[in-house]
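Pasting a structure below so you can have a look.
Per-chain residue numbering starts at 1, and chain names A, B, C and D are given in the order in which the chains are listed.
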Amino acid sequence: MEIAFYIAGTVAVVATLMVITRHNPVHALLYLNVSLLAHAMLFYLLGASFAALLEIIIYAGAIMVLFIFVVMLLNLGKETAEQERKWLKVKVWVGPTLLAAVLFAEFLVLVLSSGQGTYSPAVVSPRQVAVSLFREYLIGVELAAMLLMAAVVGAAHIGRHKRLVLHRFLKEEVEKEEEKHEAVML
Amino acid sequence: MKPSVSIEVVVLLAGLLFALGIVGVIIRKNIIFMLLSVEIMLNASGLAFVAAGSRWGQPDGQVMFVFILAMAAAEVSIGLALILQIYHQHKSLDIDNLKEMNG
Amino acid sequence: MMLVLLITVLMVGAVAAVVAGEWSRHVPRWIALVACVIGLMCVIAIWANTSPAGGSVPSGQWLLDYRKSWIPSFGISFHLAVDGLSLLLLALTFFLGVLAVLCSWDEIRERTGFYYFNLLWILAGVAGVFMAMDLFLFYFFWEVMLIPMYFLIGIWGSENRVYAAYKFFIFTQASGLLMFLAILGLYFIHGQDTGIYTFNYFELTGTVIPFKSAFWLMSGFMIAFAVKLPVFPFHTWLPDAHGEAPTAGSLILAGLLLKTGAYGMLRFVVPMFPEAVREAAVPAMVLGVVGIIYGAVMAYSQTDLKRLVAFTSVSHMGFVITGIFALNELALQGVVMQLVTHALSTGALFLMAGMIKERLHTRDIGEMGGLWGPMPQMGSIGLVFAMASLGLPGLGNFIAEFLILLGVFQAHPWITVAAASGLIFSAVYSLRIVGKIFLGPRKTMETVPDFSFREMLIMAALTVSIVWLGLFPQPVIDTARPAITELVRFMDVQSAALQHQPYVKQ
Amino acid sequence: MDKFLWLIPALPLGGFLILAFAGKYISRKAVAIVGAGSICLSALVMFAVGGAFLSGMPENAVYTQTLWTWFEVGDFNAKITLSLDALSLVFVFAITFIGALIHIYSTAFMEADRDYARFFASMNLFVFSMLVLVLADNLLLMYLGWEGVGLCSYLLIGFWYEQPANGAAARKAFTVTRIGDAAMAIGLFMVFQQAGTLVVSEIGANASAIWQPNSTSVTITALLLLAGGLGKSAQLPLQTWLPDAMAGPSPVSALIHAATMVTAGVYLVARMHTIFALSETARLVVAVIGAATLLLAGLTALTQYDIKRVLAYSTISQIGYMFLALGVGAWTAAVFHFMIHAFFKALLFLAAGAIIESLHHEHNMFKMGGLKDKMPVVFWTFLAGAISLAAVPLVSAGFYSKDQILWYSWSAGGGNAVLWAVALAGALITAAYTTRMMILTFWGESHTPIGHLPGRRMTMPLVVLALFSVFAGFIELPHNFGHFTLFSDLLHPVLPETFMKENIPSEWLFQLLAALATLGGIFLGYYYYYQKPSRIENLRRNGLVVQLHRFWFSGWAFDALYDRMLVKPFIYISSINKKDITDKLYTGIAAITGDMYKLLSRTQSGSLRWYIMGLVAGAILILGIQIML
């Protein structure tokens, strides 16, 4: 079954590559979804069926929907794609790519020099995960809960429509400038 | 009926995906794409965790993945809310338009 | 308890002043004056009780001792003690404190409550430094005197005050940090050696430290004290701080804050690191001599009166460091005298600079001249203190410089020869002060009143003291004697032990 | 009587204190009474104590009185102790007696001055300090007096402080003497280190036990002490301040810069004779400096226009004679010449002051002239002083004192032919410039109209001093006629006998030559300035003479030399460093910090992508390091 692993891996890589090179946001999102599904496959093959399920339900399901909502909300279509095409030039991406390649190469050297043999992935059942989560990592779960709570409140707050969001210092400056303006006008 | 793969290959795969994520973050000017690339990077690290967990037969790897997931959810919700606001105020998603926080 | 009272009276006075300042501009100065006078009387009472003439003579070096546990888990205690050296400097502190309050009487018109709060707080810090026998407590007071001084310069100073305040703060704070590191180093070395972790001065003095670490720890202390003193390459904060500070600030800076550096060397550096001090003696003395000459030459070129006097301080403090490292009784007694007399003479010159500034609204000596005509009293007093500063016999500074040079001559004749050139340079700059301010043709024709009664009082007190110290210095010398002889004896024992070590090993 | 010793300095001190604190509030008359009265009283006490001292010599020929312990540290102790022996008696006599006369003179001379009280306060303080100097029983107390007279000299030279030149002269005087004083202070340290005491009598008693004769340490000690003396006594190479010191009022010049303070160096060397006696080198240096100074100053005096500067250079020259005498070992001769010189030089200065006052502050001799008949009292007294200065044989006191020095400079232990020849040449020059001064001032045509004539309070001291400068010489007559040695007998308990060489020529010969030199000098002056003034014009045309004249006139260009070598460089160095170069170190650190901040703040561009690039680069770096290791 190694072949399944390699196929899933290849799909993930190719889909990811497509994500970062697409001009149209919707296309990119779809590729990302493919990539996430491939990830889920990988997780499953590594014996982490719980993780694979979460990947599909939450990532590919919930989070991606959020993205799509936003893309739809902002009505990012052809114009954005045109813009992206203009922005994505060779001289823009070649440098960072090389940098990342160097990083990867270093990573490669380090990993290969460690010399681990092949193994058969152990199956870690959802039950084990749950026990671990609510025993040893209980505090982490609490923190994660708080984080999500904060995120909900934050998102609700930030997402409200306001005409102008400025820091209070900047606000004062604006007021001062306005006063100056008025003085000049007078 | 699990495959027997070398741990290096899995970790290298995670590294490759991570590197791609980095490239995505750097080369794109559109914030949405940057956010997508960040998701890729998160996933890549999640993959590494899960691989490690399965290598040693411990649940910790998946636990970490759950936390990553929670964090990603929080991040995406905040990030998308910010994107909405930025778009409303600047009428653009170009990250270079937001260089206000320079020293 | 008397010792605690000395500090608390100042701190309580400080708080009272800032509270009273909310209602009235004039009440704070009275509170400050009363606090300082009470403190001065307490010191005099201690002095009278412990002097050979006044009954209970303590057997050893220490006259009074007060100890209370503070943070026992770290071995920190609230430990104050006083010997002759501390007592002299305490007397000086409160004496100059009274004068500082008097000289700010009319000069300070804004935020008087906070001003006197800072003034008293500095005095409390200085008094604490002179009494603390716990290194942590010492560092605490060392920092206590720093911040109010920063405010004093930064708020009530003249044009360039913010720069000067920053410079003062950074120099002293950075060097204080080094001292704190050295204190901690000492604390841990002592703790590891003996298993007793304590900041107590008396226990730490006995610590046996390997030479190399002793050298670094000593450097930590030395740099802090050398910056405060100041020793030659670290002196550059002084002219700025003096130049910009209000009159009372300059008075306290010159009179007290610089003295804490010398006190620290005498109290901590020499007894704790006798070997390292012996090794570092010649370089330190050379720095002292460089300071003497450099300060004098710099003083000659200045046109700002307060900067000029500040550089004379650098020159005089060169004598102090040279004397400390001569490590014999003559020189150390000279150092004690120099601390007292320099505070008086330089303080008086700063006061006079302040008084002239009030009248002429300038510190530039190029714009003065011929002031003897309208102000003969100030002229004569100015002459007295210029002469004191050049070391005229009959005034206190002469005794000090003579003893230092005599003591240094026993140790290193050539260094004395170089230091004696300071006598010539001091004449050059002192006469320049007198000549530029009081002699020559009048530059300005506005009427300048001579001393007021309050100013006369201040200057008379200083003049009488400096003449008294010049003619009858023996009480001061006797008071400091036990501390000094103990120090010298300690150094002799140390060096004897060093010399005998080879034989012991064999 | 020794219980009243403290009164001698205390009276002037009291006068000073009264004038300093109450001078503003009391009348001018009261100021004069306090100022002059305190010195007169002091002189009276001196006569009483001195009389008692002479009539019943105490056992060890010294009165001492300890007032209090000044300070005591370890094995060092300094007491405020006064001691009066024959040597100090001579000095105290000169100081109080001449001082009293000068104070009386000053009450009239300074009558019109605004700062009457300040003048007398300073003068009283000076007399006090000078008395402390000569009465001190230890070197430290002497140093107190020594510096005190320096201060008073400063105050009085700059008395008319509104002219900047006066202030500069005062500052110069103080600074130059201070150089000598610093050396002297080091000398004191050496004495203490080696002798363990600064008490003069103890040093004197143990000197030969402490120091090896002619050892380096004793020579250095002696030379350091000498340096102090050179500064105060205006000898080479520290002589430049004295001519400028004439900026002070004339009584000041008379008292401080002629009669008393400038001879402090002579006193110091005589006082420390035990140390100098142990070092041949030091004595030779003293003699050579004295000889060189007397010649140099004499030649300079020959060229001056200002009457007070002539007198100033003649003072330097006469003190040169005293140093010469000390150097050759003729201790009593030096002190004798000091006393005679104090009389006639004080007289000359006071008379010159009277002339200058009458001529509306005209100092230039070439603008005087013809005063012989107009100011008879001043003329006759000035003449008495002049013959004493020129050492006219037999009739003047100066002859007896100077002749002794001339003779000893050949025949005493340290003397030799060169020193004698220089001294003889000096005698000729002295006579010449004295004659020149007399002729230019009193003979010839009048160039400046006379104001008021001096009153009785000014002429009385002149007459008294004139009597002394003519007759005081008779207390010590040469060995070959009279052999009357009252003065040196008095001093011999303190100062040793002069050691004489063997096989010396007859003293008559020396006296004859000295007399010839004096008369020759007088003739030269008479010939060039009275009989044939046209010869001077001829000389003026000679280039070499003009150059020489310019050189001598400037005091052998010492001022220019010091100015260029010491003063200018000092001022230059201090002025370029006004901003303090070491501060650059710290401002430099601050500037570097600031620059670094600016550099780093540029990386804070706000561009998110750059930050990520930075992150990646950092990761590459860390991983790279990991690989390398």
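Everything below uses one rule, namely that contacts are C-beta pairs under 8 Å (C-beta built on N, C-alpha and C of every residue); 3 or more make two chains touch, one makes a residue touch a chain.
A quick map from chain label to UniProt name: A = NADH-quinone oxidoreductase subunit J; B = NADH-quinone oxidoreductase subunit K; C = NADH dehydrogenase subunit M; D = NADH dehydrogenase subunit L.
All values derive from a computational prediction rather than experimental measurement.
Within the contact network of the assembly, the step distance from chain A to chain C comes to 2. Of the two chain pairs considered here, A-D and B-D, the higher C-beta contact count falls to B-D. Centre-to-centre separation of chain B and chain D, using mean CA positions: 95 Å.
Chain B and chain C have Cα centroids separated by 63 Å. Here the CA centre of chain A is 4 Å from the CA centre of chain B.
Multi-chain contact residues, meaning those touching two or more other chains, occur in chain B at positions 22, 26, 29. Those residues of chain D in touch with two or more other chains are numbered 613, 616.
On chain B, the positions that touch chain D within their shared complex are 22, 25-26, 29, 34, 95-96, 98-103. By the touch criterion stated above, chain D contacts chain B in their complex at residues 601-602, 604-609, 612-613, 616.
Only residues 1-2, 4-5, 9, 12-13, 16-17, 19-20, 25, 28-29, 32, 35-36, 39, 42-43, 45-48, 50-51, 54-55, 58-59, 62-63, 66-67, 69-71, 73-74, 76, 80, 83-84, 87-88, 92-93, 96-97, 99-101, 103-104, 107-108, 111-112, 114, 116-124, 128-129, 131-133, 137, 140, 144, 147-148, 150-152, 154-156, 158-159, 161, 164-165 of chain A touch chain B when the two sit together in their complex. In the complex of the two chains, the chain C residues touching chain D come out as 167, 171, 232-233, 235-236, 239, 297-298, 300-303, 328-330, 333, 370, 372-373, 376, 380, 383, 387, 390, 392-394, 398-399, 402-403, 405-406, 409-410, 413, 416-417, 420-421, 423-424, 427-428, 431-432, 435, 438-442, 471-474, 477. Interface residues of chain B, counted against chain A in their complex, comprise 1-13, 15-17, 19-24, 26-30, 32-33, 35-37, 39-40, 43, 46-47, 50-51, 53-63, 65-67, 69-78, 80-85, 87-89, 93.
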